[in-house]
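Across the two complexes that follow, chain A remains constant while its partner is chain B and subsequently chain C.
What follows is the complex of A and B.
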């Protein structure tokens, strides 16, 4: 591909912790992938244009990557409302990527002021007034942060003109069609309803008492893993459900129960079906699963 | 009717007769020849349907659990019904069964609870009573979710509810109650609700 034919990419930040920018740096093919774009502006990389140039609103933009939550008034950069700048480039762009939960749903920053701070096109799961305008080119990549491969694979699909099937929140199904439970190394403990006694141990499931959100969180974390090696649940930490519009939740580390039964059912599983299976599974004591995987000599 | 259909029907007729005999004579005094004789079939033929008395006993508890579970499911599915009314309906169903199909309750009390050694292996703990227990779980879960019932350990609530009903059915079976079971429905439903409500 010649340099002239490279699609232009503009990475624009609003109210953010930089988490998605840094996460994406961990992509093993970050440099090769970014070289396939003409980077108009990026908050950390050296780029041809400065933020001052960007806010004037005249630059080319095929792919707009937005990071951070938005506030219509009062979040200025270079004396320009960043929301207005983002909307201007969103109109020009062929693809709009909201990278991370803040840009997508409002995320952590929305908790400060739910009246004025939200995602670019959603406030939590509710589409806002500009959603209709941009929905055909909007690709949501929520996560706190977004997995580097999620951003990378969407950019690759754009580069290769691949179809990107989306769910009702504009999340790519290749990534969010799974739930985070899929691929969890603790699935046997989940099936037999054996909870983890402590965090950070090899044994036990974190769903029953420790608040793991994986069965109702759309993400493929346990399928593709983080840093190519692991995931929260694999190391014994509950999934926080960071790709969902309900993130951040209160009372993390704690499973809400109704008389000992989980208040929230795994995605698409009727309560009657779940409780039938759970009751039967709990009726059996599986010795192997109630013992340590490795018995260290004292 | 297909061969499979006939077999299912025959198995159910065996279960019903065996259920009655077990509930009257107890587990040990009821034998496969007794059951076969009552059905007008040979013991050998009966073994074609159930390979042992223990397995027949396990199938019976599954059957009774499914019958009672199906009744409670109908109540659970009435989403607009308040929790106190659901309790009343569950008590009604249970007492009606104790009166009209006493063998079901008797079997539970005199065979299932008294001969735990029979209900092991594939029938241990909740496995064979899953249909019934699941509906009670759903009732409690919905009750807490609606704010009507106090959140607590499942078994402390389950024991209070079902232990109470089982006890009354037992007293009725022993002809120790001065009134009919039906007459106790209102008071017992109210007592259960008062004990479990928020």
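What follows is the complex of A and C.
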């Protein structure tokens, strides 16, 4: 590809912790991927243009990556409202990527002021007034942070003109068509309804008491793993549903129950079906699953 | 003459308002423009929610925030008469993952900030190799961390009483192999010396590799004479690799959290912090001084708390922690419990303070829990120590260091030697 034909990429931050920037920087092919674009501005990379140039609004922008929650008034950089700057580039861009739950739904920083802080095109799961304007070129990559490969793969799909099937919240189905439970190393305990009574063990499921949201969270974390090696549930931490428009819920370490059963069902599973299977599974005691997997000698 | 300068890249944005007098920097007003309200977001939430919310203060030192929030709850439990009794395994895992985070942050500082900015100051052209090196070092360091913590950034694997993971030797070996690779990289690329040679050398002039280039660029800019502040250092977080205390013009004494005070600053969303009404430098140089690290004490003897000394301390800390992480892994006993506490009481009443050494210095979380819910939460971040503006009679740490600079570019680099993190500062 000649230098001239590289698409331009502008990474713009609003109200953020920079978590998506640092997450994406942990992508094994970060440098190679970024070299396929002409980078107009990026929070880490040295770029030809400064943020001062960016906020003037005159630069090229084929792919706009947004990070952080938005506030229409009162989030200024170099005396310019960053929301206005983002909207301006969004009109120019061929593709808009909201990287992370803040840019997509409002996420963590929406919690401070739900009246005035939200995602770029959604407030939680509700499309806002500019959604219609941008929905045809919007790709949502929620997650707190977004997994490095989610951002990397979507950028590569754009470069190679591959089809990106999306769901109703503009999330790529190849990523968010799965739930975070798929690939969980504790799935046997889930199937047989055996709870992890305490933290710090390889054994047991975190869905029944410890607040794990993996079965109803759209994400492929346990399929592709984090940092190529692990995931929250693999290290005994419950999934907190960080890709969902409801993130962050309250009482994150406790399962909400209704009459002793988890109140939230796995995606698409009718309560009656779940209760029937759970009842049967619970009626058996599986010896192997009630013992430690590994017995080290004292 | 007033000049505004905008600091960007790597960790958020900051505005520096320079006041020049007779051609040199006389005063600098440091402005952090946006407040995100994390402390308010925490209010009325379940006590344990802090373990998920506070890492989101910062994309680069989220793990330090996680540990501080767990320590705050544990300290509150202890104050309420509950025994914690962390196992050596849980302590070592927490230390290992925290040090990995410090290591990745330091590598990013050297390759993403120091390298390009010093090249700029020295009017040298450099290739993009430094980005590739930062990326490689970062990927492998956070991978070693994630083996135990599940992911980076934004893990929540530290809980009151220990950690949630229960690693196997097979996983520990995987982490050891990654650390060995990073040590090789450090020897071949970063230092241009073997670790043994590094520890034998008493002279920074014998350091080669990328660090050699950085050191010679620093010397070219006379950074051994510049960037000096109050020569007053503070380390508050308790860790096996660090020593707590305060150093004030050659005198060492114990540090006590009750002397820490926050002050509102007009025009900035960041509060300043003082210890016994004085500003103190925190971070790698403070830790080296309190640890009485001979190599850094020698450099400090020659060049005091100059920009060069500060950078050397960051380099030396990176090497020391990297080598030390190997010991932590080698001595892990998988048979011990990972977590000694079960559920917290529903009606928990606890007041606690959690203090941690993050990459940039001492981080403090204070929580008040009533009926199991967070009633009040207060966070003091490392950059608040180093980057606050002065009180009426005294300049802040970084401002004092920048005074006397001949231009904004040089002052900006001195500012950067403290490793700016604006997202942390205005949590």
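The rule is short, and it goes like this: the second predicted complex is superposed on the first by the 298 of 298 C-alpha atoms of A that agree within 3 Å, B and C clash if a C-alpha of one lies under 4 Å from a C-alpha of the other, contacts with A are read in each partner's own complex, and residues count from 1 in each chain.
Note that a contact is a pair of C-beta atoms (placed from the backbone, for glycine too) under 8 Å apart; a residue touches a chain by one contact, two chains touch by 3 or more.
Just so it is clear, the model here is predicted, and its values are computed rather than measured.
**Student:** Scan A:229 for contacts with chain B and chain C and give back first, second, both or neither.
**Tutor:** Touch status of A:229: second partner only.
**Student:** Based on the superposed arrangement, let me know which partner A:173 touches: chain B (first), chain C (second), both, or neither?
**Tutor:** In the superposed model, A:173 contacts neither chain B nor chain C.
**Student:** Pick one for A:30: touches chain B only (first), chain C only (second), both, or neither.
**Tutor:** A:30: touches chain C, not chain B.
**Student:** Which partner, once the models are overlaid, touches more of chain A's residues, chain C or chain B?
**Tutor:** Comparing touch counts on chain A for chain B and chain C gives C.
**Student:** Answer with first, second, both or neither: which of chain B and chain C does A:202 touch in the superposed model?
**Tutor:** Touch partner of A:202: chain C, not chain B.
**Student:** Which of the two partners, first being chain B and second being chain C, lies in contact with A:263: first, second, both, or neither?
**Tutor:** It touches chain B, and chain C stays clear.
**Student:** Pick one for A:126: touches chain B only (first), chain C only (second), both, or neither.
**Tutor:** neither
**Student:** Considering each complex separately, which residues of chain A are in contact with chain B in the first and with chain C in the second?
**Tutor:** none
**Student:** Touching residues of chain B toward chain A in the complex: what are they?
**Tutor:** 73, 124-127, 130-131, 133-135, 137-138, 140-141, 143-145, 149, 151-155, 157
**Student:** Report the residues of chain A in contact with chain B in the complex, numbered from low to high.
**Tutor:** Within the complex, chain A touches chain B at residues 257-261, 263, 271-272, 275-276, 279-280, 282-284.
**Student:** Which stretch or stretches of chain A touch chain C in the complex?
**Tutor:** Per the stated touch rule, the residues are 13, 15-23, 25-28, 30-31, 43-46, 50-52, 75-78, 108-109, 111-113, 144-145, 197-202, 221, 226-237, 240, 242, 248, 250-254, 294, 296, 298.
**Student:** Residue numbers of chain C touching chain A in their complex, please.
**Tutor:** Interface residues on chain C, with respect to chain A: 6, 8-13, 33-34, 36-38, 40-41, 45-46, 48-49, 51-53, 56-60, 62, 90, 112, 116, 128, 131-132, 134-135, 138-139, 142-143, 145-157, 159, 161-166, 168, 174, 334-335, 337-339, 342, 423.
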